[in-house]
Amino acid sequence: MTMIDNLLDPTILFFIVGIVAGIVRSELRLPEAIYEILSIYLLLAIGIKGGLQLSTSKWSAIVLPCLGAVSVGLVIPVIAYPILRRLGKLSRPDAAAIAAHYGSVSAVTYAVVLSFLDKLNVPYEEYTTVLLVLLEIPAIAVGILIARLRTAQGTISYRRLAHEVFFGKSIYLLIAGLVVGVVGGPEGIAPVKLVFIDPFKGALAFFLLEMGLVASHRLSDLKRTGVFLVLFGIGMPILSAAIGTVVGWGVGLSIGGTTILATLAGSASYIAAPAAMRIAVPEANPTLYLTAALGVTFPFNLVFGIPLYYHMATLIH
Amino acid sequence: MTMIDNLLDPTILFFIVGIVAGIVRSELRLPEAIYEILSIYLLLAIGIKGGLQLSTSKWSAIVLPCLGAVSVGLVIPVIAYPILRRLGKLSRPDAAAIAAHYGSVSAVTYAVVLSFLDKLNVPYEEYTTVLLVLLEIPAIAVGILIARLRTAQGTISYRRLAHEVFFGKSIYLLIAGLVVGVVGGPEGIAPVKLVFIDPFKGALAFFLLEMGLVASHRLSDLKRTGVFLVLFGIGMPILSAAIGTVVGWGVGLSIGGTTILATLAGSASYIAAPAAMRIAVPEANPTLYLTAALGVTFPFNLVFGIPLYYHMATLIH
Amino acid sequence: MTMIDNLLDPTILFFIVGIVAGIVRSELRLPEAIYEILSIYLLLAIGIKGGLQLSTSKWSAIVLPCLGAVSVGLVIPVIAYPILRRLGKLSRPDAAAIAAHYGSVSAVTYAVVLSFLDKLNVPYEEYTTVLLVLLEIPAIAVGILIARLRTAQGTISYRRLAHEVFFGKSIYLLIAGLVVGVVGGPEGIAPVKLVFIDPFKGALAFFLLEMGLVASHRLSDLKRTGVFLVLFGIGMPILSAAIGTVVGWGVGLSIGGTTILATLAGSASYIAAPAAMRIAVPEANPTLYLTAALGVTFPFNLVFGIPLYYHMATLIH
Amino acid sequence: MERRRKLTIITESAIEGLLTDQLERLGAKGYTIVEARGKGARGVRTGDWDQNMNVQIDIICDESTAHRIVTYCSEHYYKNYAMILYLSDVDVIRPEKF
Amino acid sequence: MERRRKLTIITESAIEGLLTDQLERLGAKGYTIVEARGKGARGVRTGDWDQNMNVQIDIICDESTAHRIVTYCSEHYYKNYAMILYLSDVDVIRPEKF
Amino acid sequence: MERRRKLTIITESAIEGLLTDQLERLGAKGYTIVEARGKGARGVRTGDWDQNMNVQIDIICDESTAHRIVTYCSEHYYKNYAMILYLSDVDVIRPEKF
């Protein structure tokens, strides 16, 4: 599938509809309650799907890929931080916060890569949602640690921060979904399948419309945030995805699974990380990390990144 | 089906996900607009389902069970009131308001008992939604009457109260759904089936997530409201369900139908009754009736009550 | 299908449920966020459906009907304006604004006529959504022009007005949907079909419930706005539909297509036009155009108009 | 520009309808309602469902109307509902409207 | 802590965009918007759909900016839109922001 | 009827929880929260998603409590968060509540 094909996928088209609406300043606005419920739905549904898959997986097969995912999550922010400091000349809090965003993952990008692979009929391991969950957390923790160690910062206790991370909407719903999926199993989930499984792609399309609107508002900030952030927002995901590709291949994932791990590595969080960073690293300027993650990396990944990472995975195998 | 099986039903799991989110003080919050639309949807859908069933039922078969339901609704508050006054030492308005809640019914508990029976392949009468509607009203009326007769109370006219009860969201939607279902019939409803019938269980699961969140906030009030209310919140439903079982059996309902009538009797309202009581009996403390109905009886019924009432129905037949 | 049959269609029943709820002053209220998302959904879905149809149509066959539609949209306000001025004795801005509403179209009425024809198994041209989009715009433009030329009016630039019309929610979403449908094609749309195509009628029913509520509030304004507006709200759609019937037949549409064009001509806008007119013709009293369009013409068309227009189309063919 | 009083009522949304029905009768020419949540003597009201929501009602009026509404509320609702009331001074444009 | 004026505009949400575009031009350094419903001379606005919603816009500014905005609104919107305006005194922290 | 102060805080909804946890500790007996959007020194906050929403928190209290809260906010949040604070005078009914 070429990048043009990917661009013409209806899910991506919805994203473009949202972006264009923002750019032409259309009156179109999705109510915040709808943003909220769509993100809750998608996180739960991703979790449930993962849980269903887990319920039929062998645990022994999962251990190595999980370790791989965690180490990717730990390594990326550690690589990103000095780049942001030295090349980008960013302040410590800004660099730490952006690093955390790029170590963490975007659940929506994850959903898009799955639908990309489905469309190509590329098989992948069933338990990749577990990797998603595992990747969400360590990077945020590392980001906070870097910020704490490098800046005279600390009005909020580590306890509160841990609470923020683990019981924040995003992680909580993913884990809750996983549990529901594992415990319910295919039979148990059957009666709610029509809500939590089948309409997933349609809901994703709707959410991407909304994210297009939100991202378009970020585009106007690009001028202010400068060219470095654009380069970083494109270069960093490719670098991270390369790491993800190598690790994925190393821990024995299939081409599909490797593409997914690479995409996870290459994606930047905009649900869990912004919420955690705003509280954990208040000195970091949200405009920077939101613009990079949402205005640059997210659209880049949707349109160019995912096909590229698939290509990378094919090459290494 | 054992109680553990029931506990592992995904609908119930969603309720637990909500409760846990509240207990660990997760940031998870459903927008109020979603609570609102889910409750509107569920009430309408229950009504439509009932209407469809009615449209294929013989009216003569319904009369006796209906009379049975109404008398159960009239009797329960009359029994509950003295228990609350004497054993619970509650004030008159509090006792009257709580009595009304326990005489009235919980539409969500009704939906859960149906899915419980469906899972066990236990057949039941098609017109049970009519019983639900019939049970909603008289208990609230009796509760208001007790409060009026026993307390020097009366800023609001009976006319306004009647309006509140009949045209309140809950009853209005149930009746509207019934009419749509009866008039439309299976063929008429077919084009909207995908919205109003099929996703019902998924929507119910979502609503239970929300109710779990709401109920968890009630749990913290349990300390203040004391041990009597906990005992009442468990004992009263069992007593009411016993009455419901006997009446259901008496009016010739099947095992399934008897289980349903028992569950209706044993459930406590938290949509119609709180709204009506807040206006009709302002001196009643909402913390008491909401905590009992939502914090104790609702979870008790979901997890333990329904299997128990089924057991009771099996024994009597 | 008689008018009674139409009245008993569940979609129409939902409208009646909403109207009655408003009349009896039930507490039932749909959150504004739900109104918002339902209207966004319906406009997108109508556009997508049209786009899918376009993607399989021959462009040459479309040109003539399109020209027909545009000329209907241009002619109706020009006819309506003098009627409103001379017979109705309305002020210039009021007459211009109302004329624009009746020249423009109601997307929901369009959806209802489709489901009416589907039910009767009457075939129609696949590209009628294009006619809908084409009819939305010129009448609003003509209405603005009349108001501008006839009144000393002009705080807002034409540029801003053009923006308002083309990038307003309504037109933007219809066009975006068309593009998504054309580009995606049946295969591309398949994965999101379960959200954007299948539940359409159910969502429409829900929206009609809401519109019933809104329309019922308008009914109480009828006394104030007087008998002329009621007569106009019934007579004008019949006149416009007659024009639409002749034009539809003239440009070679089938019976189904003619019914649709007649219904479009006979319908009055209440999403695009009110938003544009409020800004373009501020002196026009919204009570007048909203009451006529929503309180009279919309229910008239749903219940009596559509069957009548179908009858007209049958006669002319 | 003239001085008027702004009366703010924060209370349970359950009685919004009862209250607004009275306002006109008591002399208010208008009011504005905003959805709210909060905390007070009757605990936290998180606004997440029916029974847990507040509304904030602002009424611009003259001193005597404000007084009448305050008296009405204190007689009918103080004891049993979550409710606070306060007044502040505002300078209104188009004073004939209030 | 310094004294400033708070100008409150309650009007139809239909003109929110037109209005906020002007505010900056008229000298306001910021504003806050809250969704509202209400009742006034132009009837009940229940906030249940597009054409029936209000917004409440608060602008903290100095007296002369407030005056400019009031004049602008009175010239452009008074006659044709549901709208009320009122001013009140506030003591602001960080006065340089307003 | 007694005079009190109304402290209004408009800030990012991200810190609502942190803030309300402190309010009681600092002596506030209650507060009211309304969802808001707006514009200020930190740009437009359109309220369309998590990271872009404001809340407006009103606290009716005595002068010294208001002062404590202002000081707390200025020490903890001024520098890093979109936030404005202002005070106004209100006459409260049932003064013992505040």
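Chains here go by letter, A, B, C, D, E and F, matching the order in which they are written, and residues are numbered from 1 within each.
Operating definition for what follows: contacts are C-beta pairs under 8 Å (C-beta built on N, C-alpha and C of every residue); 3 or more make two chains touch, one makes a residue touch a chain.
No experiment lies behind these values; they were computed from the predicted model shown.
Across the assembly, the mean Cα position most removed from that of chain A is the one of D.
Comparing the centres of all chains, each the average of its CA atoms, the largest separation from chain F belongs to C. Residues touching across the chain D and chain F pair largely diverge in numbering: under half of the numbers involved belong to both copies.
Ranking B-C and B-D by contacting C-beta pairs places B-C first. Per-chain Cα centroids separate chain B from chain E by 46 Å.
Annotation: 20 Å between the Cα-based centres of chain D and chain E.
Mean C-alpha position of chain A lies 41 Å from that of chain C. Residue positions 34-35, 88-89 of chain D are each in touch with at least two other chains. Counting partners per residue, chain B has 27, 29-33, 36, 275 as the residues that reach two or more other chains.
Chain pairs that touch one another, listed by label: A-B, A-C, A-F, B-C, B-D, C-E, D-E, D-F, E-F. On the side of chain B, the complex with chain D involves touching residues 29-30, 32, 35-36, 155-156, 210, 213-214, 217, 270-271, 274-275, 278-279, 282-283, 286-287, 290. Per the touch definition, chain E reaches chain D in the complex via residues 8, 10, 34-41, 54, 56, 70, 74, 78, 84-89.
Contacts from chain A toward chain C in the complex involve residues 8-11, 13-14, 17, 20-21, 24-34, 115, 198-199, 201-203, 205-206.
Of all the residues in chain C, the ones that touch chain A in their complex are 31-33, 36-37, 40, 163-164, 167-169, 172-173, 176, 179-180, 183-184, 188-189, 191-196, 275.
Residues of chain F that touch chain A in their complex: 12, 14-15, 18, 35, 43-44, 46-53, 76-77, 79-81.
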